[in-house]
Amino acid sequence: MTVDASLVLANILTPPILFFLLGMAATLLRSDLEIPQPITRALSLYLLFSIGMHGGVALARSGFHLATLLPLGVGVLGSALVPLVAFFVLRRRLSVEDAAAIAATYGSISAVTFITATSFLEDQGVAFGGHMVAAMALMESPAILVGVLLARRYQAVENGAAKGETALGPLLREALLNGPVFLLFGSLLVGLATGEKGWATVKPFADAPFRGVLSLFLLDMGIIAARRLDALRASGLFLTTFALAFPLLNASVAIAASALMDLPAGDALLLTVLFASASYIAVPAAVRVALPRANASLYLPMSLALTFPFNVALGIPLYYAVITALWS
Amino acid sequence: MTVDASLVLANILTPPILFFLLGMAATLLRSDLEIPQPITRALSLYLLFSIGMHGGVALARSGFHLATLLPLGVGVLGSALVPLVAFFVLRRRLSVEDAAAIAATYGSISAVTFITATSFLEDQGVAFGGHMVAAMALMESPAILVGVLLARRYQAVENGAAKGETALGPLLREALLNGPVFLLFGSLLVGLATGEKGWATVKPFADAPFRGVLSLFLLDMGIIAARRLDALRASGLFLTTFALAFPLLNASVAIAASALMDLPAGDALLLTVLFASASYIAVPAAVRVALPRANASLYLPMSLALTFPFNVALGIPLYYAVITALWS
Amino acid sequence: MTVDASLVLANILTPPILFFLLGMAATLLRSDLEIPQPITRALSLYLLFSIGMHGGVALARSGFHLATLLPLGVGVLGSALVPLVAFFVLRRRLSVEDAAAIAATYGSISAVTFITATSFLEDQGVAFGGHMVAAMALMESPAILVGVLLARRYQAVENGAAKGETALGPLLREALLNGPVFLLFGSLLVGLATGEKGWATVKPFADAPFRGVLSLFLLDMGIIAARRLDALRASGLFLTTFALAFPLLNASVAIAASALMDLPAGDALLLTVLFASASYIAVPAAVRVALPRANASLYLPMSLALTFPFNVALGIPLYYAVITALWS
Amino acid sequence: MENVHRIEIVIDAPNSGRVLELLADQGLRDYTLIGGVSGAGERGVQRGDDITGVSNNTYILTTCLPERLEAVTSALRALLSRVGGLCLVSDARRVRH
Amino acid sequence: MENVHRIEIVIDAPNSGRVLELLADQGLRDYTLIGGVSGAGERGVQRGDDITGVSNNTYILTTCLPERLEAVTSALRALLSRVGGLCLVSDARRVRH
Amino acid sequence: MENVHRIEIVIDAPNSGRVLELLADQGLRDYTLIGGVSGAGERGVQRGDDITGVSNNTYILTTCLPERLEAVTSALRALLSRVGGLCLVSDARRVRH
């Protein structure tokens, strides 16, 4: 597959990916380059706002069909089942809480990886459906519930006292009303409701500067991700391997499912990226509250410092090469 | 007036208003969606910068005429008289300080309501004069002075000791050199001084993304406004009624004055919106310092959580429907 | 030279310069106008990102020639020699540490002055080479090393104990890996690596709104600079004179060198501005750590509140008038 | 001046709401809160740099009259033993106005 | 180490300038200031979320030698009784350098 | 509750890394850090407003057991005498959990 190498290179030689690598380099070389946290948060809100509006107007254009609902269902199902698999694999080596937290992390998705994949598709001139943004929004939360329920179930056996720490109500709210998830859903709905006319008014804000903002944001993500590499050294080979291999497994499943559903290549890539990516937005926040005993030096660095860079730099073009090879 | 309903709907079904409602929903549903405060402040500075430059270049285009000065004079006069009326209405139920603070709030104006109204006009394809931005800038401060002087006058009678708390000098400075007011004025002057040439260089920043930034900002305003709804519950029906009815009264006066001055419909709407809106920028800051005994859980929530949403979602199209009905 | 006056006026009557003056006025009139610090930092990161990408793609277009390397070499050499001259001038009146700190400040460069000069050139319709951005990046750091080495050398004589305070290793790192310098270099490399294709994707972010962002940033710089004017009053006429005269000396040297190298007028102006400007980014941070005894109420206010405003409002058009007069 | 206990708590941002609820349950409704704090403790480094603020700590300051201290600290102890964090108690005088 | 009084004041942002002026009048020119603070007290909740910062508090820390304490606190009491806020005094030792 | 010394340090941002290193060298690895602080002291006003943060201070809070205090404060004294800053020590009780 010579295609791979050139696609990987084409992907890496774009400003967003190079800025991501620049950010990692800054941290590793001990530069004091740093983006103030309110800006980090603002950039991420911008990206969610923009991708939400973009998906919404795309949905308004295409309308709802059974074909658009199918990948949503598969996505949600995947987001609930992946943590189950992950949990029992991880349980062999880790405590219940740690296994559950990491399982939830990998069942959920990374919005930034998804957004980077949409930029990749744009560069390839390949379209994607607005409903894939809905799939992303829907896949953020189920894994959280599954992860926490798993912890409850198995903690109970080991440690009666810890049971029932958090009621399920607040947890559900935290999972579904988590800020970024809420903004993504909301923007999708606004995009859907205001259609072409609304989109025309916000497009110069939400669309034209998108790639530039993404570059600056990925610079920041590179800085932040590299700071977490340290923590991984302590955690050993098992988790490093998991963080790189498990996404490949999930990607394979997603590609197979996409083939069965006969998704267009663009949508197939996005579904694959959702399966293969791991959360560092909705899940860590929920896990801190619901599973405070889980070690934050494991689940966050794995997702942020290994799986995310891997997917963004190599995974996206790789998955796409496989998809185009299989689809043709 | 079937016109009303469709205008109201047309206004609501735009991204800025829907994002405002989304923000309110986020708070009411207890989502943790939140925009960091430095970003809130930056967005508001951007809006003032942009509307100021926009008004300045419009003034440079149109030049000054007697016709442009008339609404400015009426605006300033209104901003000084409205607090007098408000004070004596409110005085029946509230302490001197509270009545004065609320009176100042309603005499002054809301820049964001004004800006939303300019977007509304743009959507309707209706022009407005750059001098209306000057009117907005001029109407921010007089109400503060009137409010504080009223408090001084009547406090003196009730409570000798509190008199003379703040010298009038610092107060005048606070009122006239308040950061947002200063930026608005300054941008207007820069726009006027640099004309078309200057505007051409900043337009891609100040104009193209304006509506998108406004949407994000109103999302934030929705979040912040809804947080203040709680405080209102305690304050009872009187103030809630005031916060919704008094703007209607002011709007009626402004529409009548606009008709007498024979203002174009666009300018008439903006003058109406200035009269009908209440401050949550210049006034609260000045009142905190000059009338520290006034209850901040009254004047701020009234303006931010009742009058502002009402004007932005319903008032603007309503006033415009009345204006177009009368003007034609 | 009637040219001067009209150029100076043309330069002043642009939004960036007027907003700078507006910011100074805000502080001097004691307005509470203020831009939150995270925004200040974000705006400066944006400018470095944009000018870096812009320079990188320009370099990719032009390629490297001996002619592009020459001004870089001269720039670096100047940045190392200027502090020597400055140090021995200042040493007559100031302590070793203060003299060294100010010397480093004036040997290094001001990115914002450079950026303002590129906007000035754009307005004049004059091109400049992308390698001048590289020159800027290269000229940030050498002066720091020279300044600190001078302090070491002469401190040793006066005060044995203070010697060896900081190892040279960390200092070198601080100088070369200073956040803004790193971002500027990195963006230049990304611009170079991704060429036209990369530039096309980020241009709507990095180019179109550039002038508007610069205006807002200079507003902020005006506010911040004017706050430092106070500190200068205490420091007397000697340093004020130095802060205004030394840049003129450096500018003359740079113009002469540019003439000898036969640089195009645009590049000559930029090299002149680099020589004439003084640092308030890389140097103060490094000096705080390496020369903690140097008085921060001297080097920062001189550079920020005197040299910077002078260059931005008067220096740029003045230098350009001289250059065009000589070149023609 | 009135003798009070000065209670300061540092806790990860996602759990800070629980502390405020606990304090309110104990009758301590007045507090001062500083967000965006970083730190390091038994649970590792909180860098205060991420997108959602999970790596932020929150600093909470409150005061408590001597007779309530025992109840408040034992409630805090119970919470912190589950979710981590620091709680320091010191003596102070409050300027009454 | 030198015995000092540690004075900490929490006040709404718009009035914080007055505290600094008062301290300077009392000869206390050294201070540390933390902005963007939120809180709750007798005057309600300060959410620290609005556009202009009126709903922000400011935290100010200063030190004072024992002989000056009385004058400083009574000046502070007079101010805070008008504009609200918290003032705590505690004992500390300053590391002299 | 355990008796501890509460050590708080205010220092200009560029030098704050040195304080954390010094504390770690002294075995104090746990700390709380508040950035973006302004202030005034012997070295003039730190306005906390500039582009790079040199005019910012950093507030660092840590705790130390009585037996370690002497060593920690003398190390801090040596650093602060070179780069400036404030160090206060007070007594507190830590809620053990």
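Going by the order they are written in, the chains are A, B, C, D, E and F; count residues from 1 in each one.
FYI, contacts are C-beta pairs under 8 Å (C-beta built on N, C-alpha and C of every residue); 3 or more make two chains touch, one makes a residue touch a chain.
Keep in mind that what you see is a predicted model, and the values were worked out from it rather than measured.
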Chain-contact steps, minimal, separating chain D from chain C: 2
Per Cα centroids, the chain farthest from chain B: F
Homomeric contact chain E-chain F: same or different residue positions, threshold half: different
Inter-copy rotation, chain D to chain E, in degrees (Cα atoms; steps of 5): 120
Approximate Å spacing (C-alpha centroids) for the pair chain C, chain E: 39
Inter-centroid spacing, chain F versus chain D (mean Cα positions, whole Å): 20
Chain C and chain F: spacing of chain centres that average the CA atoms, whole Å: 33
Numbers and ranges of chain C residues touching at least 2 other chains: 34, 36-39, 41, 179-180, 208-209, 285
Multi-partner residues of chain E (each touching 2 or more other chains): 34, 36, 48, 90-91
Pairwise chain contacts, counting only pairs that touch as defined: A-B, A-C, A-D, B-C, B-E, C-F, D-E, D-F, E-F
Chain F - residues contacting chain C, complex: 12, 14-15, 36, 43-44, 47-56, 82-84
Residues of chain D defined as touching chain F within the complex: 10, 34, 36-42, 48, 57, 59, 73, 76-77, 80-81, 86-91
In the complex, chain A residues that touch chain B: 36-39, 41-42, 45-46, 49, 53, 173-174, 177-180, 182-183, 186, 189-190, 193-194, 198, 201-206, 208-209, 285
Contacting residues of chain B [partner chain A, same complex]: 13-15, 18-19, 22, 25-26, 29-39, 123, 208-213, 215-216, 219
Chain E-facing residues of chain B, complex: 34, 37, 40-41, 44, 165, 179-180, 223-224, 227, 231, 280-282, 284-285, 288-289, 292-293, 295-297, 300, 304
